[in-house]
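The chains carry the letters A, B, C and D, assigned in the order they are written, with residues numbered from 1 in each.
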Amino acid sequence: MALEPYLRARRAHKDLLLMTHVVCGYPSFEDNWRALEVMAEFDVDLVELQFPFSEPSADGPLFARANQRAIERGVHTRDCFAFMARAAARFPFKLLMMGYYNTVFKMGEAAFIEQLAAAGGTGFIVPDLPVEEAGELHRLAAAADLDPVILMTPTNTDARLARLGQAARGFVYAVARKGVTGTKTAMDEGLVGFIERCRRATDLPLGIGFGVSSRDDIDFLRGRADIAIIGTAALSAWEHGGAPAMQEFFAELLGRTQARGA
Amino acid sequence: MSAPCVTAIPSMSLFDFAAGREGYYGAYGGCFLPEILTSTITELRDCFRACKADPAFWDEFVEVMRTYSGRPTPVTFLENLSNQLGGARIYVKREDLGHTGSHKINNVMGQGLVCKRLGKTRVIAETGAGQHGFATATMAARFGLKCKIYMGAVDVARQRPNVFWMENLGAEVMAVQDGQRTLKDAINECLRDWVTNMGDTHYVLGTACGPHPFPEMVSYFQSIIGIEARGQILAEAGKLPDRVYACVGGGSNAMGIFQGFLDDAGVELVGCEAGGFGPGSGGHASRLAYQDASLGVAQGYKTYFLQNDDGNMLETHSIAAGLDYIGVNPILVHLWDQGRVRFEAATDAEVRDALRLVMRTEGLIPALESTHAFVRAIAEAPAMGRDEVILINQSGRGDKDIFTVADAIDDQAWKAFIRAKAVDYGA
Amino acid sequence: MSAPCVTAIPSMSLFDFAAGREGYYGAYGGCFLPEILTSTITELRDCFRACKADPAFWDEFVEVMRTYSGRPTPVTFLENLSNQLGGARIYVKREDLGHTGSHKINNVMGQGLVCKRLGKTRVIAETGAGQHGFATATMAARFGLKCKIYMGAVDVARQRPNVFWMENLGAEVMAVQDGQRTLKDAINECLRDWVTNMGDTHYVLGTACGPHPFPEMVSYFQSIIGIEARGQILAEAGKLPDRVYACVGGGSNAMGIFQGFLDDAGVELVGCEAGGFGPGSGGHASRLAYQDASLGVAQGYKTYFLQNDDGNMLETHSIAAGLDYIGVNPILVHLWDQGRVRFEAATDAEVRDALRLVMRTEGLIPALESTHAFVRAIAEAPAMGRDEVILINQSGRGDKDIFTVADAIDDQAWKAFIRAKAVDYGA
Amino acid sequence: MALEPYLRARRAHKDLLLMTHVVCGYPSFEDNWRALEVMAEFDVDLVELQFPFSEPSADGPLFARANQRAIERGVHTRDCFAFMARAAARFPFKLLMMGYYNTVFKMGEAAFIEQLAAAGGTGFIVPDLPVEEAGELHRLAAAADLDPVILMTPTNTDARLARLGQAARGFVYAVARKGVTGTKTAMDEGLVGFIERCRRATDLPLGIGFGVSSRDDIDFLRGRADIAIIGTAALSAWEHGGAPAMQEFFAELLGRTQARGA
C-alpha cells in the first residue's frame, strides 16, 4: 500500500500517528533492530532510517555524531538497504529512507529508486534536495510507487508552501521551527498558525517534527497534526540506557506507563 | 607611475545563466539547501543582484578596499628568481599586502557591504587557515556587527595565532569537534547556525563554493584582483602573461585573478591544488589534478568532491590549512571541463622547498597556500622562453604559518623558544 | 580615486647645514665615531649626498616601494572611533600595510639602493622589535646581499617570530649578550662589526639616530610617509590635520610623517614616547616627555639620553620592544626645543587599553609601538571639535607582538596552546 | 714632565717602550692596584686607566664586559680619578685617562681637564671623539699641560693622517688593524707600510696597539715603533690567573723568563 492511504487508514482509528527515527548502524545494527522492536511495541506508524552521511549539516549534534560514528564503524549504503529489507519484512510500520542527496546522487537516482523499492521502503526524505532539483527523482519515484516526503518550514512564503504542496506525496513533514534537529520547540500560537498555513497548502496528512520530545508536545499536537515526528529525544533515551530507557521514554511520551512492565 | 584605478568589472558571460539554470556553470554549482533557508538564500540572491546592478555599489566596494585595505595591491617582478630559473619572467600579484594579510579581505568587505544592505546585524563564518575568520572578525569590528567564527578543532590547534587575533577583534571562535574537525566541518556548523539564526545573521562564506549565489558573489568581489592585475601586468611587463598561476582551495583567489584574463585566449590559467603526500585517497586535497575525486552534491552545491563510493567525504591533507578542502569552486570545474583552466598539484615537500627558495631569493614569505602556485610556476618557468611572462597570485602572507613552517623545517631554536615560553606559562 | 603619486620631496631647510655644522640640528646630532670609520662614514655621506642630488634616485626609490612594498599606503578614516570619542575626526596612515608590516621597510629599501651604489655586498643591522631586522633581511634577500642581524638577547626572546623569519630569509641573527641585551647593545655590536668589516659592509641603521648622515638619511627615506599622507589627508578629510601623532622610538616613523607637515604652521606635531611604568629612572624610555634624560654623546651622536650622572646609560623599559631605546633622533630634539614638536608619553597600561579599543572598534591591530600614538590621540580627541582632524601614524602591525600581547592580557587559551606545543616539542 | 719629553727620555735608553691598560674597578680596584704593581715590576712606561662606560662600542668583548662589570659593581667617575691619584703618587709610569667622550661631556670638559690634572694624569685617549669635535677640549688640555693622544688608523688617507698629526700631542696611537680591541693582528708588510705613513704624518713617538700580544709581535715592533701597546692580552692573563699569570705573560712577552722568580 502506498504511503498516503496507509497513513489515512491508520489515522482513522488513531488520533495522532507516530514517526520515529533510527540512524542506520548507530550504535550498531543490532541496537537499531532492538530499537525497532521497542518502536513496534509502542505501535509506531512510520520509521525513518537515516543513511549516514559525512556532512549532515541539517542535523543537530546528536544525529551528526551518530552519522559520523556509523561511518567510522564502516556502515555502507548497501548495509542500510539490507537492514531496511530485513526490517520491512519483520515490522508492521512503514519505512522511509532519510538521508542527504549525495547518497542518492552518488549511486544514481535510478539505482537508488530501484534499490529502495527492492528493500521495501515506501518513500524518502532528502532534506537538502530542493524541489527545483528533484524533478527527475520524483518522476522515477512515482513510477516505482515511492513517495518523496517534502518539508515545509515556517520561513516559507505561502506561495512557496503551495509549490511544495504540489510536489509532496505521502505526507508533508512540517518543520516546527528554525534550526537543526534536536533542540526544544515551543508549542505555541506561532506553531498553530504555521500548521494552518501548511494545511492550506496541502491536503496530505501533516507530520510535525523538530523538537517534539514530551508528553505535553504530543498532547498539543493531538487534534492539530496527523503525525508526531520523534527524532533526537528517542535516540537520546537510547544512548542513556538502551532499550529499557527507550521504552520508558515512549511510555512517558504516550502516557502509557503500564507499557513498562509489558 | 601609480597602479591603475579600478572602476568597472568586465562583462562575465559565465554569469549569464540560462533560464532554469541559475547558479549553474555547465553541470556544476546550483543551490542545494534545506528548505528552511530558501527565503534567506533568495533574499541574499536578490540583494546581491541589486548590488551587482548598481554601479555605485562596486564603486563603494573599491573605495572601501582602497582606504581600508590598501588596494590596489602591487605586482612585483621577481628578477632574481626569473634569472635563477633562466626561463619566463615571473611576476607576482601581492594579495599578501592587503589588510589582514590575504585576499580573503576582498570577499569579506564586499559581503559586509551586502550584509549592511540586508539589514542584518550578525555574521558567521567558517574558517580553515584562519585567514577568512581573521578577515571576517576584522570586517565585523569595522562594520559594527556581531561575529561568530566556526573553525575545526584541528585548525584551531594549527592556526592558533589567527584564533588569538579573532578573539581580540571581538569575535567568538567556536572549535568544531565534529567530523574531521577541519574546514568542511566548520561549514556544516555554519549552516546549522544559519538555519537557526537567519533572521539577523548573514553567513559570510569564505570561498567561492557552497550554494548559489556564493560562488558567483565571492568570485565577483575577488575579481578585483584580476582586474587590477591585468592592467598592472600590461604596464609592468609590457604584455599579457602567458600563464597565470593560483592556488585552489575553495577557488576564490584563483577565480579572482583568472577573471582578469578569461577573455584573453592566449593566457593559460593554471590552478594549483594541494598535492599533500601525493596521489591516493586521504593524503591530499586535489580534486581535479589527481584522479581521486568525483562528482557529488554536498554543502549546498554540486562539484567534484573527494569522496568514497557511498558519497561520504574522504580525509584530506595538506601542509596548508587553507587548501585542505573536499570540494572546489564549480566555475573552475566548468572551465577545466572546457579546457580553459589547467589543474596541477603541488606536494607538501615541493611547497617546503619553494617557500625556502622564494624567501631567500626575493624576500617574500608567501602563505603556504600561495606557495602551491609558486611550486608550479617554478617547475614550469625554466622551459619557457625569456620573452614569456608568468603571473603568480600570492594570495596571502606566511606569517600566520609560523608554527607549521617551524614544524615542517624542524626549527630547533623555535622549539626551544616555545618550550621556554611554556615554562613561563606554568608548564 | 587612487592615492596621489609621489614624485618629489619638499625642500627641507633642516638639512641646509651651516658651514662646520654639518649633521647638526641646533645643538644635537653630529658624528662621533672611532677614527677607523672616518673614511667609511665619509664615503657614505658623499654617496648619500649624490643620491639625494640625483632626482632619478628618488624616483627609483619610489618605484621600488611601489612595486615591492605596495606604496602608497592608504589613509583610513576611523569613523567608529571618532564617533565613540565624540571629538576630532581621526585618520590613520597605514604603514602596517607595507611589506614586512612596518615603516621600517621604507628606510631599508632606500639604504639598500645606497648600498648598491656603494658597491658593498654585505649589510648588518641592529634590531629591537625585530621589525627592522626582518625588513633588512628581506631587503638583503631581494638585493642579493649577505646579511647579519644583531639583536639583544632579551629582544630575541620576546620577538622570536621575527627572528624565525629573519633566519628563514637567509640572515644570520646574533643574540647580543652584552649590556642590557636590548637595542642599544645591538647597536654597539653593529659598530664593532662595522669597524672590522667596513670594506664590504654597509651598516643599515634602523632608525633616525646615530652619527650623521644616518639621522638625515633615514628621515629622507621615511619622508615618503609624510609626503603621501599630506596629499591623502587633504583629499580624504578636505583639510590639513590639526594634529599629527606618531610614536617615537629612535624617531624614524615620526620624522617620516612629520616632514610632510613641517612647513604647515597650523599642524601640531605630537611625538609619543614609551611611558612604561611611568616617570622615574629605569621604568620607561621617555627621553623628552619625562624629566629623566639629559644631553649626552653616545652611539655616534649627541642627543638626550636616559643616563646617570656619570654618563652611563640607564635601564629602559617599554611594553613595545621597538620603543625601548636610550636616545632619540636629534632633529626631533631640535624641533622640540623650538616648540615645533610636542612630546608626550603613553604608559604600558594605557597602550593595552588602547590596543583593545582599536581592535574592537575598527578592526585594526596596530603594533604596540604604534599604539602609543593611538593612546595620545584617543586621550586628546574628545576635547577637540568635530571639525578638527587628527592623523595618526600606524607605523606597523601588531601580529609580531602576539607573545607580548598574550602575556599582557594573560590569555589562557594562548598559554594552553603554547604548553601543548611544548609537549609536542619534547618538553 | 709632559708626555713627549718623558717618552723621548725613556726611549733614549730603551728600544721599545710599553703601554698597558687597566679597566678601572675591574675585577676590583684592589686587583687593578696589584696589576699596576706587576706592570711596574716589568718597567712599563705608560698605563691607560679606562674609565668604564656603558656603551663601549670601540672595545672588543673582553673589555666590553669588563666595562659592564665595573659599572655593575658601582664604579663611578670620581672613583676612577681617586684611583688615578693614588697610582700617580705611587708608581713611576705615567698615567692616561682612556674612555669614551660621554664621560667627559657629562662632567663638562673643563671639569674633566681640571680633575684629570689634579689626579696626576698626563693625558687622555678618547677614541670616539673625532678631531673636528675636539677643539675646545684640546685647548683646555693644552692650557693644563695635558696631552690628547690621537689615534691613526689604516683606513685614513694621507691627508687625514696629516690632519690627525697636527692635532696629536704626546705620542700617536697607531691602530694596527681594522676592528675592535682584542683580536690578533698580522704583523706584516701591510703594517710596516702603515707605520711609514704614520711617520710621515707626525714626528711624535709612535705607539702600536690593537692585537699586540706575543713576544714575536714585540720583536717585530722593535726598531719600527716606539711604544708597544698591550691591552686585551694582559687582561686576559689576569683573568686567567691573577698576578702570577700576568707576571708570566709579561716575562714571556719581554723575553725575561728570569723575572718570574724575582
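Definition applied: a residue touches a chain if its C-beta (ideal position, glycine included) is under 8 Å from a C-beta of that chain, and two chains touch if they have at least 3 such contacts.
Note that the structure is predicted; figures quoted are calculated from it, not measured.
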Distance-maximising chain from chain A - centres being C-alpha averages: D
Between chain C and chain A, distance of the C-alpha-averaged centres to the nearest whole Å: 66
Rounded Å distance, chain C centre to chain D centre (Cα mean): 38
Junction residues of chain B, two or more chains touched: none
Numbers and ranges of chain A residues touching at least 2 other chains: none
Graph class of chain-chain contacts, one of line, ring, star, complete, other: line
Pairs of chains found to touch, sorted by chain label: A-B, B-C, C-D
Residue ranges of chain B touching chain A (in the complex, touch as defined): 30-40, 178-179, 184, 187-188, 191-192, 195-199, 294-300, 302, 305, 307, 309-313
Residues of chain C that touch chain B when the two form their complex: 1-5, 63, 66-70, 72-77, 80, 94, 97-99, 101, 137-142, 144, 157, 160-161, 163-165, 167-170, 236, 356, 359-363, 365, 399-400, 402-403, 405-406, 409, 411, 413-415, 417-423, 425-427
Contact set on chain A toward chain B in their complex: 52-58, 60-61, 64-65, 68, 71, 76-77, 100-103, 105-107, 127-130, 133, 150-157, 160, 164, 175, 178-180
